[in-house]
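Look at the two complexes coming up: chain A is in both, with chain B in one and chain C in the other.
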Partner chain A sequence: MLKLIARRLAVLPLVLLAVATVTFALTEISPFDPVEAYVGAESNVSTERKAEIARAWGFDQPLHERFGRWIGNIARGDMGHSIVAGGQPVGPEIVSRASASIALIGGALLLVLVGGLVFGVLAAAFRGTVFDWLVRTSCYFNTAAPSFWVGLLALYVFSIELGWLPAGFTSDPRSVQSASIDFDHLILPMVVLALTGYAWFTLYVRNTLLEVLREDHVQFARAQGIGEVAVLLRYALPNALIPFVTLTGTHLAELVGGAVLIESIFGWPGLGQLALQAALSEDIPMILGITLCASVFVVLGNLLADVLYRVMDPRVREAAA
Partner chain B sequence: MSAAGAALRLRGGLTQRLVETARRWPTYMRVAAGVLALLVVAGLLANVVAPLDDTAVDLDHVLEGPTAAHPMGTDEVGRDLLTRVLHGVRISLVIAVLASLAAVAVGALVGVLAGTLGGRADAVLMRMTDVFASQNHFLFGVLLLVLFRPVLGGTGAIMLAIGFTHWPSLARIVRGELLSVRERPFVLAAIGGGASRHRLARRHYLPHLLPAVGLAFVLTVPHAVFHESAYSFLGLGLEPHQASLGNILADGQRSLLAGGWWIALFPGLALLAIAMTIGTIAEYWREHLHPRWRSELEL
Partner chain C sequence: MSALLEVDALSVGFRTRRGIVRALSEASVAIEPGELLLVVGESGSGKTVLAHTLLSLLPRNVDVAGSVRLGGTELLGLAPAALRELRARRMALIPQSPASSLNPVRTLGGQLIEGARARGLSEEQARRRLRALLGELGLDFDFIGGRYIHQLSGGMQQRIVNAMALVGEPDVVIADEPTSGLDSELVETTAAQLQEISARGASLLVITHDLRLAQRLAGWIALLYASRIVELGPTAAFFEAPAHPYGRELLRALPEREGKSIPGMAPELTALPGHCAFADRCPDRFDRCTEALPDLYPAPDGVLARCFVHAAR
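Let's look at the complex of A and B:
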């Protein structure tokens, strides 16, 4: 187990190197000029001054030297300076925004897992009934409905019309501790972010359970006179759970992307909103920084899923041992 | 199939074959195909069907709810929402289809290269595919949009952002299918019979790969529609005055506080209809074509 974790952690720098290389190549191919973005389109900065800025940033040096220095800086945790953060370094700004995003994504992931399991099992248990039909229909709706559209509708209904929940920010901006995260501010963005994943997971659990329920060992358990609830939970569910864990790892990447949209709708001051601000003001260092951080996050999430997978599946555990 | 059916098949053109196929569809498929056809026709004929100018500003009728004159209401500068949504369906569908074609082209190219070159090139290409697949494609698309929107414009940059991020699953399938078909007895027989590489590719590999590529294309379209509208919604895609569904939803977000729920509701319903109908058709096709592809093609 430790060997697996060590091996996977050793891959992490390689993945980051690959991502950094691809993004560096893209910024090179692109005609995007960081100096122009820095001075702004309408400024009357002279050509000599622009050349001076370019020299100060090292743009006059050959490609391989710039690439090497950039990789070296990233390895030391220096991802450059950000425009949206007012010229401050990218790293600390990302760290200061991370907690809001982690709360949002973590909460949504929890909802996806719990909701998917509970409703998937219930739909399988009551297969063919009105309840099953309702769950499936709501899932098909949520897999097809764009999350930001659902977010807008939820915002209108629950915040504007009914006034049950606050419309944005992590807490009341008028309160003293406006940096803290209040639960009633978290509910709407968290639920909306979770809906797409919830739909996939519920359908997945339901369909896998129905497949497992047809297998011989389940028939045998039934023949022994074991109750249907116990058959479902003790004999069928564990088999359906194993791929569920791997799915969780891959779903983490989806949640990170969904957070960009949801945070912008609900004014949630996390990394997604920061990424959008950076994109709108063409702040390349910040976008690159967030992309790299998201990669680390997703790789670590997949590693966690792999470890859990081994803990849960005796076959894999013994094959590895 | 009966002799008459076979004769019909031989004689019939594309339309006739389509009708033949549609006869075997279950009801939900006919509904999905009907709604999709309606959307496509309405979008293509947006200029004819919707008589009003989609950019015509009418400041006497600002933010009006649905009425007989404006079935979907008007937006914050008095433009007819129905007209804009119809134009939006056209713009979004055209961009999504082109972007999906780009994604499928990249995926097929990488898959064919990996499958035919083999060895180290294959390993490098597939590791690259793994890295791409494990990235968050939405965030990566945002980076591509920022870098390439100044040269390619909103439409071109969106196609690039979608085409460059939605290919890994198809690349894996094409490579896998290519590797497996090469070991099949009929291909080995053809090789033994002295078939040229050209003939092998044209007669055996291509017919085997085309259904997978076609299906991947159809499955990518709803994703592309979502990404286009999401990028435009965030202000990273098309110009704000263009009637893309995402742009109209961004108008809707601004009008929510003024109570203009219809501007947020209707374009989203159009997106939902597109995603559900294409998704249903693709799913039906996949199940009949190749049940095993379920997990692999979920992009």
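Let's look at the complex of A and C:
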């Protein structure tokens, strides 16, 4: 187990290097011109002055030197400075936004897991009933509905029409501690983000459970007179949860991606919103920094899933040893 | 005086896309306390379905008719709670494949104790009895308890399910193909263990296609062919002189006898004939065999045989 963790952590820098290379290459071939982004589209800065800025930033140097310097700086913990809006350092800006994103994604993941488990288990327990049909139908609708549309609809219904929940930000902007995260502000974006994953998880739990319920060891448990609830929760569920854990790891990446959309709809000042702003304002250092941070997040999530997978399945544990 | 386990005119059919698969047709058997009944037949003859019907473990797409009574209580259509109670307190299954019959991701200790507790024992009693039962079979409960099923040898797995079957001191033990996939040495041990179970006073229903195991265990035998019981009688009499041509041909097919397999194939269970199902393969066939379905007729030595040869007696 420790060997697995050590091995994966050792690979992490390589994964990040690969991500960094690809993102760097993408920004390089993109039509974004950082100098243009810096001076603004409608400025009347002279061509000579622009060339001067480019030189000051090192754009006159060859590609591999720029890439090397960037990677070197990152290795020392310096991700550079934003080239728009005051030129604040990228690292601290990401850290200050991260807590809002972690609250949103963490909350959504928790909701997805709990909701998926509860409804998946109940649907399997009452398979073939109206309840099962309702759960499955809601899942299909859910999968079919794009999350930005669900988000806007939720915003319209619950914030604007009903006025039950605030429409955006992490807390009331008029309050003293406007940097804190209030739960009532979190509810809408968290639920909408969770809805994107809920259907998958619920159907997954339901179908895996139904499969496991047909296995020999479940039949044998029944033959011993063990009650149906115990059979479901103690004999079938542990086995169904194993693939579920892996799914959680991969789904984390989807949540991170989904958060970009949801954060911008709800004005949630997290990394997703920062990423979108950075993309729109062609703020290349910021885009690179956020991509790297998201990669770390996803890799660690997958590592956690792999560790749990081994904890839960003795067969995998032994095969790996 | 009624038998401990009475199966009366039991018919089981599976509703499938290919039509109704007749797994059992009007099967009737009875087991007295302490008796051993072998249910023998080729694969697909309805043996395992009988075991699963007795334990009400059949899937949903199934039609069951007839009656199964345990100590006078009708099992078919019994309320789930009462059924669970009966399974726990009076019946036990020795499953076909011990390796896949225990949860692969839970240690055995918890499962063994949970199974014993379902049978009404306290945690303390469960521990004590499992320790004793496993000890008799040469296994240490503390060693077994912390392991997973896949970490044990086939012989150990078999002994564990045997101990699990005995822990509740059941009236009826149903062994479903207890020797399938075992090497000859393990077959020998398993046979000895089944005899031991029988000697403890439990009624034993052994489902098998292994004729050598059947001969070894003796008791009574019910021979199944194409969903029907074709011969029912003392096992010794069957091995001496089978009353039904199918039984005779089956014994002839044993490698140590003539090793000559029966020509032809058993009929499809979706399209069973209205006449004797063995007629097409029977060397003794006469006109009547392809015209009507024989009943079970008395044959010598207290045997019943579903063959017109015995109809005149």
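Here, the second predicted complex is superposed on the first by the 315 of 321 C-alpha atoms of A that agree within 3 Å, B and C clash if a C-alpha of one lies under 4 Å from a C-alpha of the other, contacts with A are read in each partner's own complex, and residues count from 1 in each chain.
Following the convention adopted for this analysis, a residue touches a chain if its C-beta (ideal position, glycine included) is under 8 Å from a C-beta of that chain, and two chains touch if they have at least 3 such contacts.
Predicted model only: the values in this text are computed from it and were never measured.
Colleague: Between chain B and chain C, whom does A:Phe220 touch in the aligned arrangement: first, second, both, or neither?
Modeller: second
Colleague: After lining up the shared chain so the two structures overlap, which partner does A:Leu276 touch, if you call chain B first and chain C second: first, second, both or neither?
Modeller: In the superposition, A:Leu276 touches chain B alone.
Colleague: Which partner does A:Pro314 reach: the first (chain B), the second (chain C), both, or neither?
Modeller: Second partner only, chain C.
Colleague: Just to be sure I read the superposition right, which of the two partners does A:Arg234 touch: chain B = first, chain C = second, or both, or neither?
Modeller: After superposition on chain A, A:Arg234 lies in contact with chain C alone.
Colleague: Mind working out whether A:Ile53 is in touch with chain B, chain C, both or neither, as first, second, both or neither?
Modeller: neither
Colleague: Touching A:Ile287 in the superposition: chain B (first), chain C (second), both, neither?
Modeller: First partner only, chain B.
Colleague: Between chain B (first) and chain C (second), which does A:Leu261 come into contact with in this model arrangement: first, second, both, or neither?
Modeller: A:Leu261: touches chain B, not chain C.
Colleague: Could you tell me if A:Leu12 is touching chain B, chain C, both of them or neither one (first, second, both, neither)?
Modeller: A:Leu12 sits against neither chain B nor chain C.
Colleague: Among the partners chain B and chain C, which is in contact with a greater number of residues of chain A?
Modeller: Per-residue touch count on chain A favours B.
Colleague: Where on chain B is chain A touching in the complex?
Modeller: 127-128, 131, 134-140, 142-148, 150-151, 222, 226, 229-230, 233-236, 249, 252-253, 256-257, 259, 261, 264-265, 267-268, 271-272, 275-276, 279
Colleague: For the complex, which residues does chain A have touching chain B?
Modeller: 15, 18-19, 22-23, 26-27, 30-32, 140-141, 143-146, 148-150, 152-153, 155-156, 160, 253-254, 256-258, 260-261, 264-265, 275-276, 279-280, 282, 284, 287-288, 290-291, 294-295, 298-299, 302
Colleague: How about chain A: which of its residues touch chain C in the complex?
Modeller: Within the complex, chain A touches chain C at residues 215-217, 219-228, 230, 234-235, 238-239, 242, 312-315, 318.
Colleague: Given the complex with chain A, which residues does chain C contribute to the contact?
Modeller: 55, 57, 80, 84-89, 91-93, 95-97, 100-106, 111, 114-115, 118-119, 148, 150-151, 161, 164
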